[in-house]
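Note that the chains are named A, B, C and D in the order they appear, and that numbering of residues resets to 1 at the start of each chain.
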Amino acid sequence: MRRLLLSNDDGVHAPGLRALHDFLCDHARLRVVAPDRDKSGASNSLTLTRPLALVVLDSGFYSVDGTPADCVYLGVNGVWEEKPDLVISGINHGGNLGDDVLYSGTVAAAMEGRNLGMPAIAMSLVGERYFETAGRVAASLVGAAESLSLPPRSLLNVNVPDVPWSEIRGFRVTRLGYRGPAERPMKVLDPRGRERYWIATVGENADDGPDTDFAAVEAGYVSITPLQTDLTQHTALDDVQGWLDALA
Amino acid sequence: MRRLLLSNDDGVHAPGLRALHDFLCDHARLRVVAPDRDKSGASNSLTLTRPLALVVLDSGFYSVDGTPADCVYLGVNGVWEEKPDLVISGINHGGNLGDDVLYSGTVAAAMEGRNLGMPAIAMSLVGERYFETAGRVAASLVGAAESLSLPPRSLLNVNVPDVPWSEIRGFRVTRLGYRGPAERPMKVLDPRGRERYWIATVGENADDGPDTDFAAVEAGYVSITPLQTDLTQHTALDDVQGWLDALA
Amino acid sequence: MRRLLLSNDDGVHAPGLRALHDFLCDHARLRVVAPDRDKSGASNSLTLTRPLALVVLDSGFYSVDGTPADCVYLGVNGVWEEKPDLVISGINHGGNLGDDVLYSGTVAAAMEGRNLGMPAIAMSLVGERYFETAGRVAASLVGAAESLSLPPRSLLNVNVPDVPWSEIRGFRVTRLGYRGPAERPMKVLDPRGRERYWIATVGENADDGPDTDFAAVEAGYVSITPLQTDLTQHTALDDVQGWLDALA
Amino acid sequence: MRRLLLSNDDGVHAPGLRALHDFLCDHARLRVVAPDRDKSGASNSLTLTRPLALVVLDSGFYSVDGTPADCVYLGVNGVWEEKPDLVISGINHGGNLGDDVLYSGTVAAAMEGRNLGMPAIAMSLVGERYFETAGRVAASLVGAAESLSLPPRSLLNVNVPDVPWSEIRGFRVTRLGYRGPAERPMKVLDPRGRERYWIATVGENADDGPDTDFAAVEAGYVSITPLQTDLTQHTALDDVQGWLDALA
């Protein structure tokens, strides 16, 4: 039976993680290692300045006082002799669409798994109601993951519309869309009257063309985007070389 | 005179940020907004759960109780009427090579600037001694940045060998190399005898071929890598579609 | 039926808090507001630099991303119209004896209740096994608390031996003992070889005379110490005045 | 020459700490160990869950990524062979009057020194302008401290009016006053419209009688209050015993 490592960024007590566990526990041997509190927006951050505590809860889930990437690092690398066959993170409470993936702890958890050599899937529900829909999607993808071949250092980012399973119109392979620049932060006054700044809602969708993840979810499809973790902008190498030559 | 926003991830009191300021202050109008403490490894994380305090220090630098990406967000978007013409982060104490860029707060600060619409440069010194070498590199790049044309949503990641300026052999355009998977965490016992796990040193270089950033720095060159912030693995879209079709 | 506010410092998921709830839920109307993670050693600290999130869990317990004192402040003062009749914190995992009370979040939670005008009790189990013994003690004290008259700004600090209920020898009113100065911190090397310091075990008991809390627990008694929150050293006022007069 | 350990809770870069240093550096050998960021309201909390980094800055001050009590613990106990003769914390930006002392990191730093066996003074300026006034007070108290005899486990809490030195009317020995219960927290909406609670201003003075610290400062005097760290409410021991007897 295959071994799966589950993590998330909403924390070890989040309903989305529980749902993921419950839909997969008959299909694989599960190990759950997740942050002890909500770490949404943690991105790929790793905790380097202090050691981490790994605590087993009554549920059998492991809790870590760190980030999603910390959890996957410890879940793969830390304690157990056997490595997982697949890393799956989520089910995130809310979508990870477009440039959300740069900030998402859910995607980062999957990315950490990928960097450690495992295939990896990030699961997000674009809402907070129909976790069972996303759970079913997860189960079907996990069942088929063995037959998937991806380039090295890539992974799948999956977003599921927040509707009943019966209303899902199918699966679509997509590219990431792009939100516009974020809005100005919200100004708040603290109780002593000092100005503080609260980072606010994301920008409007600037690119949600028909082949994007935004469009797929909007149309009722599960969106599946292959992501890369090599950030080199290969198509710009020549331009930069030309610019450098002109400098010299 | 151009307006530059400076930030970093080592914190507002770090010598590398001071050096960057001192080498650029004659070339541009500078605004410095940086984290109040060391946020190395913060990646792209944004602080969404609480408001941020923006405090001006005696040095004229602004300090934020948040992440590098928070600082750039506030520096661009928060308080001032005029937007900067360029965002530059660093000088990082230590290199940001290969897949370091996924975790680096220095790169994230530049990336945040890029997402907000500005050209952006991340500057790192592969060591902690010759900040003046990196400062000179920064000054020459900033001087020439107006003539650089990059695709949308891309930025420059610059790594400078930690040697005197006279020993720099030149500039090289590079792709990111790749470190191997990280090693196991270090086990430590806390004073009460409980096991804790400290995330350890990065892996050995798994890909440091001649066109990589690793190789350029090793050979004494300043490495310049164009980075993208669109994580779509475009070359894998067809494969994933084929796999999905087989599922159905 | 009386209204009790329960809190603790080990976090909202701690077994000691659950035990306290279960032993009291038939005797009073309970509201539970506790930190979202372990805040042992938080002392009286209040969170002033950011707003707090108060989230209700499936258990009906409220979770706060703050300190024990924050929890009691919000539980008394924040949200509900009706104030509690009594604040009770614990059951702490481990004793709060002697000068532990200066650092204890459990005692601080009770102290915050007292400062807000309620009678308050801090409950600690000197161990981590027999929470039911401490639960029974809590139930009997809560039942009798109406007949207790304490000076303003004082509260009860209760420590229960970690033995079965049948082995408890009785109750003793005690004064605080005193531990000796703490030992040197433990030196650890981080994974990059840098020295770090971990605050270590507490000192040996320097004052555990027969009327102290240390002695009572050691002898198998429940220790009950009335605590004050007025830190003025009244007996030293004349000496300091004499010293000041000599200065002038 | 005597050895003084200086700390504070406003952080190692705070002007009040610098002022304290500058007014004392001719009178004693100084070692400064202070938190790397603002830790106001930290109370006595000690960091037990992770090791601490102790970093020397260009100023010669030591910075710790922890609480005021952590700093004093390390400053006394951690690294240096020679123990200080006196611990002095401050100069706090703002007063520590009445029950403020329960929450104050400034007082906690002094208290930690006292618990480790040194005489200790907490210095606060009731405002943020005339640090030199508080610096002069500190220098005169430090000069005379050798002739002061205090009971074990007690320390001095000093509050200085925020006026020029020439307007100080003298010194007064005081007891702590008492603020009334804190007001309700301020409700704020986060950018996503969720309610959050910000702990607000302290209560009105409920006890500021003529012998209190509140009254002394209000009248233009430096207030000096001896504090105890034994929280036993000795005067209540008999009452609690009577209550217990009635229970049985």
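Operating definition for what follows: a residue touches a chain if its C-beta (ideal position, glycine included) is under 8 Å from a C-beta of that chain, and two chains touch if they have at least 3 such contacts.
Computed from a predicted structure; not experimentally measured.
S.K.: Counting shared numbers against all numbers at the contact of chain A and chain C, is it over half, same, or under half, different?
M.R.: Shared-number fraction above one half, so same.
S.K.: Where centres are the averaged C-alpha coordinates, which chain has the largest centre distance to chain C?
M.R.: Measuring from the centre of chain C, the most distant chain centre belongs to B.
S.K.: Starting from the mean Cα coordinates of chain C and chain D, work out the distance between those two points in Å.
M.R.: Distance between chain centres, rounded to whole Å: 22 Å.
S.K.: Compute the distance, rounded to whole Å, between the mean C-alpha positions of chain A and chain C.
M.R.: 40
S.K.: Using mean CA coordinates as chain centres, what's the chain A-chain D distance in Å?
M.R.: 45
S.K.: Any chance you could list the residues of chain D touching two or more other chains?
M.R.: 48-51, 53, 65, 185-186, 188, 190-191, 198-199
S.K.: Going by the contact rule set out above, which residues of chain B touch chain C in the complex?
M.R.: 49-51, 53, 65, 185-186, 188, 190-192, 198-201
S.K.: In the complex formed with chain B, which residues of chain A make contact?
M.R.: Result: residues 38, 40-54, 69-70, 73-74, 77-79, 99, 101-103, 108, 111, 115-117, 140, 144, 147-151, 153-154, 156, 170-171, 173, 175-176, 178, 181-186, 188, 190, 194-199, 224-237, 239-241, 243-244, 246-248 of chain A touch chain B.
S.K.: If we count contacts the way the header does, which residues on chain B are in touch with chain D in the complex?
M.R.: 13, 36-37, 48-49, 57, 65, 190-191
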